[in-house]
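The two complexes that follow have subunit A in common; it is paired with subunit B in the first and with subunit C in the second.
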Partner chain A sequence: MTGIGGRLERFAHEYGVRIGQITTVIVILALWLPILIVAFMSFAADGVLSFPPSGLTLDWYFVFLNNDSAIDSILTTLQISIVATPITVALATMLSYGIGRYDFRGKDTLQILVSLPLIVPLLVVGISLTLFFGSLQLGGGFGPIVVSHVIRTLPFAALIILPTFLSFDQSLEEASKDLGANEIQTFFQVTLPNILPGMIAGGLLAFTISFNEFVYTYFVRGTGVETMPIYLWNQIQYTATPEVNVLSVVFLLVAVMMVLTAVFVTNVERIAQT
Partner chain B sequence: MLISFFVLPLISMFSLSLLDGLPPGGTFTLDNYAMVLNDRYLSVLWRTVSLTAQTTFVVTVLGYSLAYSMVRFTKRTTLLLLLIILPFWTNYIVRMYALINIFQNGGVLSWVLNLFGVVDETMGILYTNEAVLLGLTYVWLPLATLPFYASLTNFDTDLIDASKDLGAGPIKTFFTVTLPMTFNGLMAGIVLVAIPAFGSFVTPGLLGGTEQVMVGNIIDQQFNQAFNWPFGAALGIVISVFMILLLVVSAMVGTRAVAGRGGENT
Partner chain C sequence: MSILTIDDLRKEFGSLVAVDGANFEIEEGEFVSILGPSGSGKSTILRMIAGFENPSAGTITLSGEDITDQPPFERDTNMVFQHLALFPHLTVGENIEYGLKQRDVDKAERKESVEEMLEMVQLGGYADRDISELSGGEQQRVALARAIVNEPEVVLFDEPLASLDRKLRQHMQFELQRIQEETGITFLYVTHDQEIALSISDRMVILNDGVIEQIGSVEELYDSPTSEFVADFLGDLNSISARVSALTEDQVTFTARDLDFTYSRSELQIPGGISLQKDDQVDLCVRPYDTRVQREAVDGSITGTIQNRMYRGNETAYVVDTSWGEFLVIDEEQTTDIDIDTTVSMDWDGSNTFVYAVEGS
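Moving on to the complex of A and B:
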């Protein structure tokens, strides 16, 4: 091998691994630096976000805790997520049970339909839902928001729960029935304990997505209902003080806790493939 | 339930885009689509296509390199996977706000540039084309890395050694063995980034200001300020057509299982 091609090959042979490792470190740092900076700036003593701050303080955390509209938006978000998550987990479990256990016509179509909301841009689904609820005279508000959150979270929960149905040994269910248990007893005493980790992980991720949901809520809500991401959006548009950074830290902590718990009850590969 | 709450809404969007007013009042018209071809909206459409292409390119190169290094050059894959998915599960608007902290006047970026004496002023790059591009790259990089990683894990790396034993250098091996063998994962990642990037409105809205608008921002305006819902719906159809084209093309070049993989796509 000679010429420029050969020299390039030799260079890649000698330094390829090093370059790959350095790229990895740089990209991971680039992913995390902005997040760390947001967290750091929540302690900035100045009312503006110029860097570096003149000093550090916890004042913005107290401002945040005394801010009624911020706290209200958290409570609103929690109400929505706590209603939407069990509905999503129940539906995702039934869907997975159907897809994992039975062969039926339209099964493939159903699987594609479940994953479609993952691919279609959120904006498109958001405006479609607005139009749809409008045509049903439902307007905005709590109910339509919950429905839109269920649509948003269902594919994620189903993708987590389905593999647990596919991987678990069906002869256990048959054994249970042979020993005299009926369908329902078998489901609660044999099937459920086996799929529970998947359901918990699916629920945690569904809750995380619902808690962070912005686009569907933004279009569907009409006026009045203000969830935490909507509140954050409004704040960024008009004022950006370190109090917004405190709000960001709350989001970060919720997401990290939820995802780490989900990883703990299943495994990182499973969560990564969702 | 999915049919009633997912497919029906899409149909209602399409039918509204063909009306000149909100039902039950509107009559049939193609004016909304004619308006899309207005110079102002064509330039927005062009910016959207161009930003989508640039984002997809940068994300693919960086994400594939990252995935390749994770599979080939390191043993700490679990930790690295965790470090990649955690930012991805973090609130989208928080991640945008993080970039605002960096890009704005007097922000971290201008501080760093000052430190190295590159510029004397405290100008940031907020509300520029570059800010939007960096923002889109930042949010979609983790999403693309995961299918790249999955396809590289499934690929038998003994083939790389075999190719090298037969005398091919690392670069030739990469382009004749590794890349073709992981082509489906590559296409899946590209599609998963290009579609939501084309439909984004939060990133250009927050990082691009009033200058760097994309199609999504016009839709947002039509729905929440101008209240011209039929025109907004027509633009929604434009995004859907782009998505369908991309899916068809990727299916034709041999991608399977794009539909089975997903991720957040704000």
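Moving on to the complex of A and C:
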């Protein structure tokens, strides 16, 4: 009883909480420190990236605001994400509707096939997309990038939207009709309020991933289109000024905002369902 | 005039006949149960009345109007669903006023009705709560309030009490009866639980395999079931198959294997007034409460050994293993206490014996 097991147990009992706390701090630091340093370095006064900086300045933010190609790259990225996201949400919703509402052969397989692309290496799909658009003689550009973004974001959106449909109790719609609401009123008063949080959360996640998308875009973009991650990559390769950090901060803010909104919306949905 | 009339109602799902020609009428203000085992088609009948299923044939008439082809939202019926189906995105008050809102009742009046309903189901002050904050019993009350606030012609219940524990279920049964009396609204309650049906309804419709076996008041059904199925379903039944071996002016003798049972004709319960002929094959049935058990084997009676004994407070139940099968005996007197494995014999009075003709004989 007082062997190694017993001593281990006593040790865990005495220091377990402390060890857990320390581990948490280390993990959080590892996750956020690089990001904080990048954010901090966006205020560096030096022309090249060196730590610690000799002074702090907002200059690089003004450089960024006057840099048309940087702003353009953000606008291009937004355009692509704004087109790709609704397509993804629409497709994921229809898919989830089918899987959630109907029983058919291969339903389980279909569910797995929808989310399985998440584990396929990005480079592999990137290469196959290049081959695909190449063989269609479409070349690169806006259209192929949007298609690639839809392919990239669909599994994520489906992962969020599908549970909404699986947990939706169809007798709610019957109850609504029983109480005098017709099909259309039922859709807007009962169905939509119950699935909308899932759709919004799925859409925000899709938007964030599309906004960050690099690999597929790099393969299918051709020469004309430069999204923000591509612009950033090109900048880092040639001139690493603190302006790159400014771009990263802008990038970060958009992503964090999206994810926080997504988390908030999904929580609201969970509260509504319990 | 009856408020709800079901005429030759039939429902097929592919090759499966779920409801096979159902006919019954419900009077205004009645509390009627449709009772049957699972798969007997009782929920299907309810869903056809509500408008969620289209009948394959037959008509449904509500207050003189043929509603067979009306969509659910046009029918003046409201349902309390099996899993309640309360709207999770709405508060208690919003759930209850949902039906009124669809009918464009103005806001002040809606609020007043909601308050009134909440009082009736003893949830005063709950209007702004979320559905998720309520206990199971409270949710039942909200579902009930949501249905009766619209003052429909008939409220339909799809076994909503089945999920409650015994004590709460009994309490809700009393509540249902009270509210039905207060509002005077007609209730149609579907269940597989004969205890609930017996205790809450005025009349029962017994359904077996899509066919109505018997309709009548609770007492009628329990005291004179017209079929062995009904008798067995409303309280267990001990049954032996026998042959009519001798008939006289006032006595009948049944022979089952090597045993003879002789009863006076007038005391026997022969539902449906079938006239017995010599050599008819019949089932002799007795309720466990009417079966007596005694310690020693008596010649000319059914003997067996006590296999199991269940003490239930005010009664003791014995399971007797015989060469005829298992018999259930319920002893309310509790004057004798018989141990397991004791050899016993059983008997009963002719006045408690139901005689059912065996089909195909």
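The definition used in the following text is that the second predicted complex is superposed on the first by the 238 of 274 C-alpha atoms of A that agree within 3 Å, B and C clash if a C-alpha of one lies under 4 Å from a C-alpha of the other, contacts with A are read in each partner's own complex, and residues count from 1 in each chain.
Methods note: a residue touches a chain if its C-beta (ideal position, glycine included) is under 8 Å from a C-beta of that chain, and two chains touch if they have at least 3 such contacts.
Only a predicted model underlies this, so the values are computations on that prediction, with no experimental measurement involved.
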Subunit B versus subunit C as contact partner of A:Pro193, first or second or both or neither: second
First, second, both or neither for A:Met41, with subunit B first and subunit C second: first
Greater residue coverage of subunit A in the superposed arrangement, subunit B or subunit C: B
Subunit B versus subunit C as contact partner of A:Ser210, first or second or both or neither: neither
Which of subunit B and subunit C A:Ser171 touches, first, second, both or neither: second
Subunit B versus subunit C as contact partner of A:Val27, first or second or both or neither: first
Partner chain(s) touched by A:Leu179 [first = subunit B, second = subunit C, both, neither]: second
First (subunit B), second (subunit C), both or neither touched by A:Ala240: first
Shared subunit A surface residues [contacts with subunit B and with subunit C]: 271-274
Contact set on subunit A toward subunit C in their complex: 169, 171-172, 174-182, 185, 189-190, 193-194, 271-274
Subunit C residues touching subunit A - in the complex, by the definition given at the top: 50-52, 71-73, 77-79, 81-83, 85-89, 98-99, 102-103, 132, 146, 150
Complex contact set, residues of subunit B against subunit A: 1-3, 5-10, 12-13, 16, 22-23, 62, 65-66, 68-70, 72-74, 78, 80-87, 89-102, 104, 106-108, 111, 122, 138, 141-142, 146, 149-150, 169-172, 191-192, 195-196, 198-202, 206, 216, 219-220, 223-224, 229, 232-233, 236, 239-240, 243, 247, 258-266
Subunit B contact footprint on subunit A (complex, rising order): 1, 5-6, 8-10, 12-13, 16-17, 20-21, 23-24, 27-28, 30-32, 34-35, 37-38, 41, 48-52, 91, 111-125, 127-132, 134-135, 147, 151, 154-156, 159, 205, 208-209, 212, 214-215, 219, 229, 232-233, 236, 240, 244-245, 248, 251-252, 255-256, 258-259, 263, 268-269, 271-274
